[in-house]
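These are the structures, in structure tokens.
After this come two complexes, each holding chain A, first together with chain B and then together with chain C.
Presenting the complex of A and B:
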């Protein structure tokens, strides 16, 4: 059986390593061939970008060579897919090669599209790329007083990011001794301060305690960098001295151009994680159109289900498990404390009181991520 | 079924301690608090990094068929004796080398070395190991390994 994995991010790497372990005998015997196509020879730990933006991690700490994370039995190529020929079970890459498959996993991820909001790229600081995180850190270092506005584009990766960056900003200015000169104003697109109701309920008193002003129903229409104003679709506006934005996201361009899914999100079966209409194509991570958070943890849990089912297809001819929508998000709450939100399709998160042990758990996970993508944790 | 709340049960358990037990518990609490205060994010990150790399290495070692086979072979008494012999030979050779004059070179020197019974014994051992290794590798390739 030829198994093709398109994308070398968190989801793709975990699927590949998990399959390499489960199907070691079959691969050794030549009955299974595992191939990964990726756009990069490096793998980035994306949650670390927030720490880079606050000077708590250096950019080089976020990277590993992709090859070093993969089992040696995986045939790895840095050659992104340009054309999907689903009816012929084959893809064509940027390098001009054609790969045929019996089963394919699409895990191409997502991308930021700040340019879709006029003025956002020029006017705002973001931490969703290495260059952006470094630029944001430098802007924060220079900032002495005034209003810091946080605005949120939709859809976006990591649902907790808006509250986490707000907590981090509060802590950062406290540590610099200028918190009393900085006004922090948080804006959110829906009618409460977070999309997950229990997170919203929990965050309201936390924000009040930190003296953070909030405005809901604020969807960014346009940023005017010259006058330092953000206009909302709802007709309101906010003045800022420093603008921090969670940029809107889309799926990867190739998914859109190949018409696999609107916005780059592929229609996916919520339990089997197969692409609608194509039972031999699985979709993992940000690339799905599922109503779950676009986070590394969702990609991780989905990847384990997909790998287990592909392995069981090889061994007994049928899938054995289903994805229940599980997501696990750490939430750094400032003051060296953290908590977490765990939820699935059926059960909303119940947040625990933040504590230092959870902060250390998150600090540890920043390093143990590499063990996780290697398929060990 | 007991209707006692968990906190009430915990208080009862604490009340059942004698003063020495409580003192020891307090000492333990102090040690935990001290360790917690002494730790920093950097220490946690370094320890987690070492753990992460360590567990990865351990995973690779334990899934390496060759290494596992080697360890199994090392369990045999004769192979342990072989290791001891080999380490003794390294030590003795190192001492011999320290006292031996530098090689003079040339065909004459090579012939003198080859005519030494010890050299011949050594070459015979190497040839035997080489022949076995060659057979084994040919067999692995024949089986498509």
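Presenting the complex of A and C:
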């Protein structure tokens, strides 16, 4: 069986390593071939960008060579797919090669599209790229007083990031001794301050205690960098001295140009994780159109289900498990405490009181990620 | 008449039904109608509140066998 994995991010890498172990015997015997196609020879630990934005991690700490993360039995190529020929079970790459498959996993991820909101690129700082995180840190260092506005594009990866960056900003300005000169205003797209109801209930008194102003039902329409004003679709506006944006996202361009899914999100069965209409194509991570958080955690749990099912297809000819919507997200509540949210399709998260131990766990996980993505944790 | 696109946001806590609707409204054309399916009890209030404030049009809202069905037309 020829198994093709398209994408070398969290989801694709975990699927590949998990399969390489489950099917080690079959791969050695030549009955299974495992191939990964990726756009990059490097793998980024994206949650680390938040720390880069506050000078707590250096960018080079976020990268490993992709090849070093993969089991040696995986045939890895830096050669992104340009054309999906689903009816022929083959893809064509940027390098002009054709790869045929019996089973394919698409895990191409998502991309930020700040240019879709007028003025956002010019007017806002963001930490969703290495360059952006460094630029944001330098802007923070120079900031002395005024209003810091946090705005949120839709959809976005890492749904907990808006509250995390807000808590981090509060602690950052406290540490610099200028918190009394900085007004923090948090804006959020829906009618409460976080989409997870229990996170919203918990964060409201925390924000009040920290003196953080909030405005809900605020979807960014445009930014006017000249006058330092951000306007909402709902007709309101906020003046800022420093604007921090969670940029809107789309799936990868190739998914859109190949018409696999509107917005770059592929229609996916929420339990089997197969592409609608294509039972031999699995979709993992941000690439799905599922109403599930676009996080490394969701990609991780989905990847384990997909790998287990592909392995069982090889061994017994049938899938054996389903994805239940499981997500586990750390929530940094400043520079010294954290909590977490764990939930699935049926059970909402129940938040625990933030504490230092969870912050240390998250800090440790920033290193342990490399073990996790190798499929060892 | 344009085809009604259905957004299945049943049993989701994050990103949640309204965030899903906003995502698909960004992708839709003016005049398109979207139908949101939700099992979240708050949807019946949250969605109309947002639709009214942003200036879209709520066509219908009904609960059928525990699932909210809300049809919204993109007006701008």
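Simple rule for what comes next: the second predicted complex is superposed on the first by the 376 of 377 C-alpha atoms of A that agree within 3 Å, B and C clash if a C-alpha of one lies under 4 Å from a C-alpha of the other, contacts with A are read in each partner's own complex, and residues count from 1 in each chain.
To be clear about the criterion, a residue touches a chain if its C-beta (ideal position, glycine included) is under 8 Å from a C-beta of that chain, and two chains touch if they have at least 3 such contacts.
Model, not experiment: these values are computed from the prediction.
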item: Partner chain in contact with A:340 - chain B first, chain C second, else both or neither; value: neither
item: First, second, both or neither for A:328, with chain B first and chain C second; value: neither
item: Touching partner for A:376 - first (chain B), second (chain C), both, neither; value: first
item: Partner chain(s) touched by A:364 [first = chain B, second = chain C, both, neither]; value: first
item: Partner chain in contact with A:63 - chain B first, chain C second, else both or neither; value: neither
item: Contacts of A:348 with chain B and chain C, given as first, second, both or neither; value: second
item: Superposition-derived comparison: chain B or chain C, residues of chain A touched; value: C
item: Footprint overlap on chain A, comparing chain B with chain C; value: none
item: For the chain A and chain C complex, residues of the former touching the latter; value: 154-155, 159, 189-191, 195-197, 217, 219, 233-235, 248, 262-263, 270, 291-294, 325, 327, 341, 343, 345-346, 348-349
item: Chain B contact footprint on chain A (complex, rising order); value: 30, 56, 336, 356, 359-360, 363-368, 370-371, 374, 376
item: Of chain C, residues touching chain A in the complex; value: 8-9, 11-20, 22-23, 26-27, 42, 46, 49-50, 53-55
item: List of chain B residues in touch with chain A within their complex; value: 36, 39, 41, 44-45, 47-49, 51-53, 55-56, 59, 144
